[in-house]
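Multiple structures follow.
You will see two complexes here that share chain A, one where it goes with chain B and one where it goes with chain C.
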Partner chain A sequence: MTFSYEIMWIVFSFLLTLMVLSYLLGDNIFFRFASHLFIGVMAGYVVLLISNQILWPYLVKPIVNWTLPGVLWLLIPLILIFMLVLSQFKRFTWIGSLPLAYMAGLAAAIAVGGAVFGTLLPQSRAIVDSFDPAMWYAVPNQTWLRILNAVLMLVGTVATLSYFHFGRKRKSTIEEEMEKRPAILEGLSKVGQVFIGISLGAVFAGVFSSSLLALIDRILFIGQFITNLFRSF
Partner chain B sequence: MKKILAVSILLLIGLTVLAGYFFPQALGPILNLVIDWGILLIGTAALIGIGYLIKTHISRIARRDKQSFLSLVLLLAFAVTIIIGLIFSFNHPIFTDLMINVQYPVETSLLAVLAVVLLTASFRLISTRGWTPMSIAFLCSSVITVGLDAGSIYLGTEGAGAEILNFLRRLPMVGARGILLGMGLGGLIVALRVLLTIEKPYGE
Partner chain C sequence: MTDKIICPECGAENEEDAEFCHVCHADLKGDTTLEFIDPQQTDHDDFDLLNVEEEDLTDILHALKQTDEEAILEEEIKEDQLPVVEPEEGFDEGKAQEDEGIPDWLHRIRQRATEEDDSLGEITQKISAAKESLKGDKPEAQHENFESWIEKLRGPVGGFVNKEPEAADSDDAFDDEDEEIQEKEPDWLQKIRKAEGKEIVEEDQETLDHGENGLLNWLTALEEGEEDTAEEGDEPDLVDEDIESESVEIDESAATREIPVDEAPLFKAIPPKLTITKEERKQADQLTSMILDENAPRPVRAIKRRSKLGAARFFFAILLILGMSLSLFIGGTTNNQFGPIQPHTTGFLSWMSDLEEGSSILLVFDYQPAYASEINLVATPILQSLVSKDTEISLISSSISGAILQRQLLGEIHALEMDATHDLGYFPIGAYGAFGLGMVTSANWQIVGLPESSKALPDSGFDSILILSDTAEGVRTWIEQLTVLIPNTPINLVVTAQSMPMLVPYFDSGQITGMVSGLNDGVILEAELSTGILIGNRRRAYQVGLVMLAAVMVIGAINAGNQNREEGGGA
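And then the complex of A and B:
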């Protein structure tokens, strides 16, 4: 019983692998079949996950356990959830702006905290730390190398940042010409392009190596399956 | 009235969470409550999204669209997963077998397809964009990184050779730091625009 159950899953995995890999020959019905099956299973999994990990502990459990303060505190999210569900009907679309405003406010505030404390401060600190003289003299005969490294880090970061535009989109060509950036910034952004290219190239190489490993894993799996199939006859 | 109410909710929640960063002791319990309610709302929004997906595929079947049997496959897979998940628990072998034997082969095979797609895309990038400073840097960096990871580029473990190797490994960090700072600044600007109600993602 267990044997046939295991075989069933191996055959199922083999067929799914072939269907997805068939995309290499072009978009076809087998690939679409596998992707639709995958989306269906994952959608079901997400529904179960949300029900088990979010709705049950945060909403249903406090109601089942019934304590007046606990249920009263739940009134606000219950009203917001009701509004969100109701807004899916055409007549009540307007009502959805209130729960959406709640989510937007929460997400924006979390994004501010994440950007400042998670990215801007630690990354800026790392650049500043590389100019610490104690670090320069830590290893003898490498002082100039470390100074060069720190300067390169600073110049590269500034050049990469100058490649980004943080302004709004210009409406007219006259406005665009009026708001042209200084020549030094334009020059720095050209240097920044090289640094961005180097970073993206390294990321690309990492992703390519991982995907190549996945390709080898799948080819080995197919080979093993076919070998076992022939052995069993 | 409706607009004022939405803006008030946004400001109240946004400023409470922001204040929570500076006064974690005093505002901790309120912050937890606000985040818990947010998690509930986001969970419900995700369920509504999946509801839309299911509704779209049901209407595709009802309209007898071309290849509507693919929608049937999706709905059947969805229903089977829900039923198995409800009958057994998350940790039951039947449920984990279903998840592993669908998720692992599909995701790994998609990653495998990505290897070929990435390779052709990189060649296409060079042929369409031409040899720009960025594309040259991109190509050289990816070749050197693959060489370093595979151990093909080896200049010794000590002295100048080792320093050059270290330098090559650290070089992508320079641009990555700039990209991270750029993303952080961009995210900060968008979030501040939402909090200052210049952007209204919740609708007018």
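And then the complex of A and C:
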């Protein structure tokens, strides 16, 4: 086996994999070394990534290639950046609130707009559409299945939303009654718990599956490394 | 009129030749000073003292505790406030000379001091009375706590009231000034009322004002042990109807000790009445229950030997790895799918087959390195198929390591060497990136000054978008923005198995065209797209791993149940 750059990295990867797997024996110095190395490398990589992918092409390069429209476009973000930097000094902390408010407002507007028009309305419409008889008879042998699916979707949606309803009786003199939800909501929330449990179980199964695949990949890597090592001698 | 000597200690009149006071037996020939105070001035000052701010009140109380010498010294320091005469020897001998030079007011004071019995003034009388009581065997701690008493009294202002002193009725000064005091409340009382947030009815207000005037009186009376708790009928009712009041009996013997006095009490006071609101009662109950709970005996949990648990965990882990390794490296390859093809997988396959050659596709890399193996398994045959159709591929990464991962994935299939591949760069925030991309694509804005990478965007927008992601949240951000801004562009997903269940509703609603995830879909894609075998033995290892992990979970659940039962039985 000839020593090369690629082989060095393969050996290094092999050792790091073993270090991470050593956690099976409990927390130890090798596992911690691998964890800290990963975090350090990640931090350094992020700095380089931001510099190369954000600061250079979006900020420095337009200034270097001086064009009036380009610089004018940069004026607004430059002022906001300057205000953020200035807010790090105690005397000018208040200045930072403007760019932060701008960012928070923008993020909220985008997120709320997306959630309403991209999730809430289409999903509600999908549930309504599922009760369309034309949809039931679209596939001949699956009519009852589609009806059942529509009913389950409706019940699941209502029950799950009921679980997250935290209202209580408005006019009640008894303290215990005031702390309780109305009986209908209480019953629906119990059903909602079942749906939530099934959903979380499905997600957990997915996490399980993904973890297994990652482990398989590592075992495969170790096996191939050892096989290649023996073959080379 | 014969000359009298006024005792500097108690103010009593004594004969001219008396060496000791006939009341307090104080030395009348000593080098002490005697104060002659104008009765009018005394009344005024006395009243001022009653109205002064809290620090002055504290000073007065502090003065009560001081020794005679200290008191005299302090009086000398305050000579600019109160006129002080020379010692009594000088008073007798040089009287004629002084009469010529002294002002009228001093002359009147001296005259009254020698003629009238009440010339000593109220302050002097009070001080004398207080000193009388101090001479008793009362513990010193009682006096040292004066300041803390005042602090307590300031707190629950609604909780107690001072009964109007009976003797004060005879005091003209009080009667004259009461109206002024009612009009002008002191700051400290206003602050207390504001803090308490309780309104006091008008008749109670009057009583409280009297109480304020008599605060010192009340304290003095308390000092003298003149508390009269029996007269409850005189108690003004300051309690609001909303407030649940509870009178708390104060152990007087523990707080103060009753000191007998000879003379009739000047002022009367009632013990503080503690007012507790519902909320305070609730908090107190909670605190009590918490303390009780903390002090309650708990079953001692048997400390299990961790080494046993660690060994079992290690054993199962080794068993899992060995089982999966054997299934990976021993045995043949199988490409049988697990079950029926899901509708979203069918939709994805339809999109792939309908894709025309030379189409422009946007690839979004939104996953972490830990999930690279899973994503790569499914994405590799898809990308191979796209490359074979000469599609124009634009790349965006919204995860930190997206750039590395796209090089790794596309490098394996040599897609990066294609001229039709454009890297649009890194978008730190997925929502911003999706929104901006959707806006530019939908409106065809030609914004001046945008980075060069944006010039790679196709003029007519993308024919299709393929998102590779490991989280449902990341995908949802892109879907929410793009389905609104560019609704006619089909969106397809390559996701991990853990995020798939949360994204199925978007397929049901028609917002996405298709979705593939996990090993099963990888097997189907391999079969449908006729690519080389990538899944191979992984599927067998995956099955072995699933069975073993399920077994471990069942064993763990049974063990935990037994453990709980043992603990329950033990308790």
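List of remarks:
Keep in mind that, in the parts below, the second predicted complex is superposed on the first by the 193 of 233 C-alpha atoms of A that agree within 3 Å, B and C clash if a C-alpha of one lies under 4 Å from a C-alpha of the other, contacts with A are read in each partner's own complex, and residues count from 1 in each chain.
Methods note: a residue touches a chain if its C-beta (ideal position, glycine included) is under 8 Å from a C-beta of that chain, and two chains touch if they have at least 3 such contacts.
Please read all numbers here as calculations on a predicted model, not as lab measurements.
Of the two partner chains placed by the overlay, only chain B lies in contact with A:Leu37; chain C stays clear of it. In the superposition on chain A, contact of A:Pro69 is made with chain C only, not with chain B. Contacts of A:Trp9 after superposition on the shared chain: chain B is touched, whereas chain C is not. Of the two partner chains placed by the overlay, only chain C lies in contact with A:Leu220; chain B stays clear of it. By the touch criterion defined above, A:Gly114 reaches both chain B and chain C. Once the two complexes are laid over each other on the shared chain, residue contacts for A:Arg125 go to chain C alone; chain B is not touched. Contacts of A:Tyr45 after superposition on the shared chain: both chain B and chain C are touched. Counting the residues of chain A touched by each of chain B and chain C gives the higher count for B. Once chain A of one complex is fitted onto chain A of the other, the partner contacts of A:Trp94 are limited to chain B, with no touch recorded for chain C.
In the superposition on chain A, A:Ile54 makes contact with both chain B and chain C.
Within chain A, the residues touching chain B in one complex and chain C in the other are 24, 42, 45-46, 50, 54, 58, 73, 106-107, 110-111, 113-115, 117-119, 123, 126, 199, 202-203, 205-210, 212, 214-215, 217, 219. If you check the complex, the residues on chain B that touch chain A are 2, 5-7, 9-18, 21, 33-48, 50-51, 53-54, 67, 70-71, 73-82, 85-86, 90, 97-99, 101-106, 108-116, 118-119, 122, 132-143, 145-146, 149, 163, 167, 170-192, 194-195, 201-203. Those residues of chain C that touch chain A in the complex are listed here as 310, 313-314, 317-318, 321, 324-325, 328-329, 370-371, 373-374, 377, 400-401, 403, 425-426, 428-429, 431-432, 435, 447-449, 451-453, 470, 476-477, 479-481, 483-484, 496-502, 505-506, 508-511, 518-519, 538, 541-542, 545-546, 549. Contact residues of chain A toward chain B in the complex are 9, 12-14, 16-17, 20-21, 23-24, 29, 32-48, 50, 52, 54-55, 58-59, 73, 76-77, 80-81, 84-85, 88, 94, 96-120, 123-124, 126-127, 142, 145, 149, 152-153, 156-161, 163-164, 166, 190, 192-212, 214-215, 217-219, 221. Chain A makes touch with chain C in their complex at residues 24-26, 42, 45-46, 49-50, 53-54, 57-58, 61-62, 67, 69-74, 106-107, 110-111, 113-115, 117-119, 122-123, 125-126, 130, 199, 202-203, 205-210, 212-217, 219-220, 223.
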